[in-house]
Amino acid sequence: MLKVENMTLRFGDLIANDNICMEVPNNKVIALIGPNGAGKTTCFNCISGVYTPNNGDIILDGVSIKGKKPYQIHGMGISRTYQIINLFTEMSVIENVIVGMHDSMKSNFFESMFHTKRHRKEEKEAYERAIELLEFIGLKDKANNAAGSLPYGEQRLLEIIRALASNPSILLLDEPAAGMNSKEKEELDNIIQRIMKRWDLSVLMVEHDMDLVMNISEYIYVLNYGKLLAQGTPEEIQRNPDVIEAYLGGDD
Amino acid sequence: MNKALNINKGKLLRYAPVAVLAVLMPLFFRNFSYGMLLICFCAIYIIAVSGLDILYGYTGQISFATSAFFGIGGYGSLLLHNHTGLPIIITMLIASVISCVVALILAYPVSKLRFAFLSLATISFNHIIFQLVTRSPGGITGDFNGAFTEHMNIFGLDLKESWKFYYFALVCVVIFVSIKSMIVNSRVGRAFLAIKQNLHAADGMGINVRKYKVYAFGLYGFYAGFAGSMYVHLVGYISPETVAQQQSVIFMIMILMGGVCSNWGPVVGAVAIILLQEILSHAEQYQLLVYGIILLIFILFLPGGIVGETKKLFSRLKWRKKGVINA
Amino acid sequence: MFLQLLVAALLSGSIYGMIALGYSLIYRTSGIMNLAQGDAICLGGFLGYTFYSILGLPVLVAIPCTLVCTFLIGCMLERVVIRPIFKRNVSTSALILATVAVSYIIQSIELIIWGGAPLHMRSFLKVTNVKILNVVYQTEALLCIGVAVVAMLSLHIFMKKSSFGIAMRAAAMDHAAARSCGINVDLTTRMTWAISISLAGLVGVFIGPLYGVTTTLGTNLSAKGFASAVVGGYGDMYGGILGGATLAMLETFSAGYISSSLKQMVAYIAVLIMLFVKPRGLLNVEAVKD
């Protein structure tokens, strides 16, 4: 369970996140929505360790992760995807997935250097697990292709699988549907639901596509100008006049 | 195919002709000992440039201090051997370890900064080493005159002649390149590449970027240091020229020309530059111009180096043959 | 002796500051170190020598000519070398290496055109020494300091008050945001390079009468330049100036009071110490860490 308590982040005089409070319980899909510039990705960046909040705290299963570095937070069980695709474009599809497992593998430097039995065993297991994951989203045939050669929609899916590779307890999805056509969005909807069934994790999702959000998420937080505007179930949010005025009624 | 899994037996067979050629090399140079000496230099540079490949090719970090570490290995082994009488192999290893440790100390604080600052740090470091070597306390390095030491010998086995040194160098090259190959085809190598290709994603995916940057730098320091110690016992002499800033740039040219992220890249690069240096020794005033132009050509047009671009060319030809791509 | 050392320090400081300015401006705009900065200095010296000593043009014509030439060379450099490399999505490390390649090419061209022997420029002023408060100073040195101060002030005013200067600062902070405000980022980038190169050229011309004109001067000064930028705060204009002054003071007074052989190393040691301990520099600049 992830708790964000009174989190504030300032860039000089600009308050990007103001007193945000959120809860991501186990096994749930939670959405974070809001107009552009509301501070959603900034919030993600605070949770994943790219920024350190000035005030407040972020607590994962009772342990504060505020101030920890991104690679440490990944190791503690929070994995993310990015708004702009951030794959290792020159590596193959399967290598991207295996990198995602990096900190689950325990061989040290010298074991890696001399390809000890333990290292070889871990590599083999990682490879097999990566194939399984690729099969899950139907990319197994493209395992050895360069990640950069995949069509856009598949690259986004690959990022999700890469994030899943480390068996996280919290999966942060930053606009997973961005740039997808309606068929790809349907697939994404389907995949997120399958992920929830197959693995024991929670998803915190930033998204603009309201159909996807309303369909998948069980609870929604609405951000506006860095502050929490409203929170509730999808039905409550759809009826909320402030939200309608600020966001839903306007664009999209 | 997961490269870390098994050493492809077919690949070993492919290396057989190369191995035979390598073992028989001194026969071709029976009457041309200068050529044999150049081959030995090649071997030494291959080791140094392999280390540079780990740093620049795999993690994308730049260094203008390769000749400084080369010099630490060279002067280190010289001073240790001349003053303590320890066997040369031992002093070579100690000097390489010292070079590695110095590299780690330099890299650790700078690793939290952006790559660009590594260029300034390594330039400064190279100059400091150069100053230390030319104005050493008590003149122990011979300052501008350089210093002399014994030629290579392994516990009494004298390897003074180039062709004898060559076999020792060959063994060293095989060992160092194999170790590099094993490292880059492992979890550590994957982390290196991830850092080079997308540092923030690497961080986000659980890779301790700083740690791996430092590892790469330390390895590079060890490789360059060992190469330097080989050099001083091949020639029997070392001078501040070897530690000059320009030498560091020449090492970078070797890896760019040869090709990054490959076992053969450093080989091609070392051979190319040694040949180039021989040609240019008759026209010293054009050296800078040639180096500058070569650098720009490879950075702009041939980023994969000779090895990389050749591979690309072959795979494109292969696909064209299969009728997959037109033109 | 103290006053003479002080003037010497001010001279070095103003020179270093000007070069550091160039480094910082380029870093802010393009994110790389231009290691050909030192050669821009030499270029200014050689061009100044050509206009002033070979062609015999009067000072007030020769110097602007040199400035214009170096400005144009800076534009050309950005357009012909830097921009194409940026387009190919090359890593920072490779870009920096490219500036080293450019440095080598410039040095070779200088060798071919002007030869390898050091050239001597006549002084710009008729009076060589002047006595103020019982101490003798070289007028050339005072001129250098004066020119540097004027140049730095002009740059400061240009950056803070003129609309193009403000556009340049905006573009340096954030390319995308500046573009969306209608700023021509390609132009501001090119101007930044041109200004940096011509600043270095200006330094080269004015130190010509003092130190002569050679190709080797460039490497040495270039290092002092980036060392000053690191000390003051890399990427910040004023950091470069402050760093230059600080470094010059450190060098001159340590050479004067401790030992002159130390002087060579001060700059390089300063770089390492600052990068290790306080990479944000004296002015606590941001955007240095990964």
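The first chain written gets the first letter, and so on, giving A, B and C; residue counts start at 1 in each chain.
Here, a contact is a pair of C-beta atoms (placed from the backbone, for glycine too) under 8 Å apart; a residue touches a chain by one contact, two chains touch by 3 or more.
Everything quoted here is computed from the prediction, not taken from an experiment.
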item: Top-ranked pair of chains - ranking by C-beta pairs in contact; value: B-C
item: Maximum centroid distance from subunit A, chain identifier (CA atoms); value: C
item: Whole-Å gap between the CA centroids of subunit B and subunit C; value: 33
item: Separation of mean Cα positions, subunit B and subunit A [Å, integer]; value: 41
item: For subunit A paired with subunit C, centre-to-centre distance based on mean C-alpha positions, whole Å; value: 46
item: Of all residues in subunit B, the ones touching two or more other chains; value: 209
item: Subunit C residues within the subunit B interface of the complex; value: 27, 31-33, 35, 81, 84-85, 88, 90-94, 96-98, 100-105, 107-109, 111-112, 116, 219, 223, 226-227, 230, 234, 261, 264-265, 267-269, 271-272, 275-277, 279, 288-290
item: Complex contacts: residues of subunit A adjacent to subunit B; value: 48, 50, 69-71, 74-75, 79-80, 82, 86-91, 94-95, 98-100, 102-105, 107, 109, 112-115, 119-120, 122-124, 127, 144, 162-163, 166
item: Subunit B to subunit C touching residues, read off their complex; value: 56, 60-62, 106, 109-110, 112-121, 123-125, 127-128, 131, 135, 196, 199, 209, 245, 249, 252, 256, 285-286, 288-289, 291-293, 295-296, 299-300, 303
item: Complex contacts: residues of subunit B adjacent to subunit A; value: 1-2, 4-5, 179, 182-183, 186-191, 193-194, 197-198, 200-209, 215
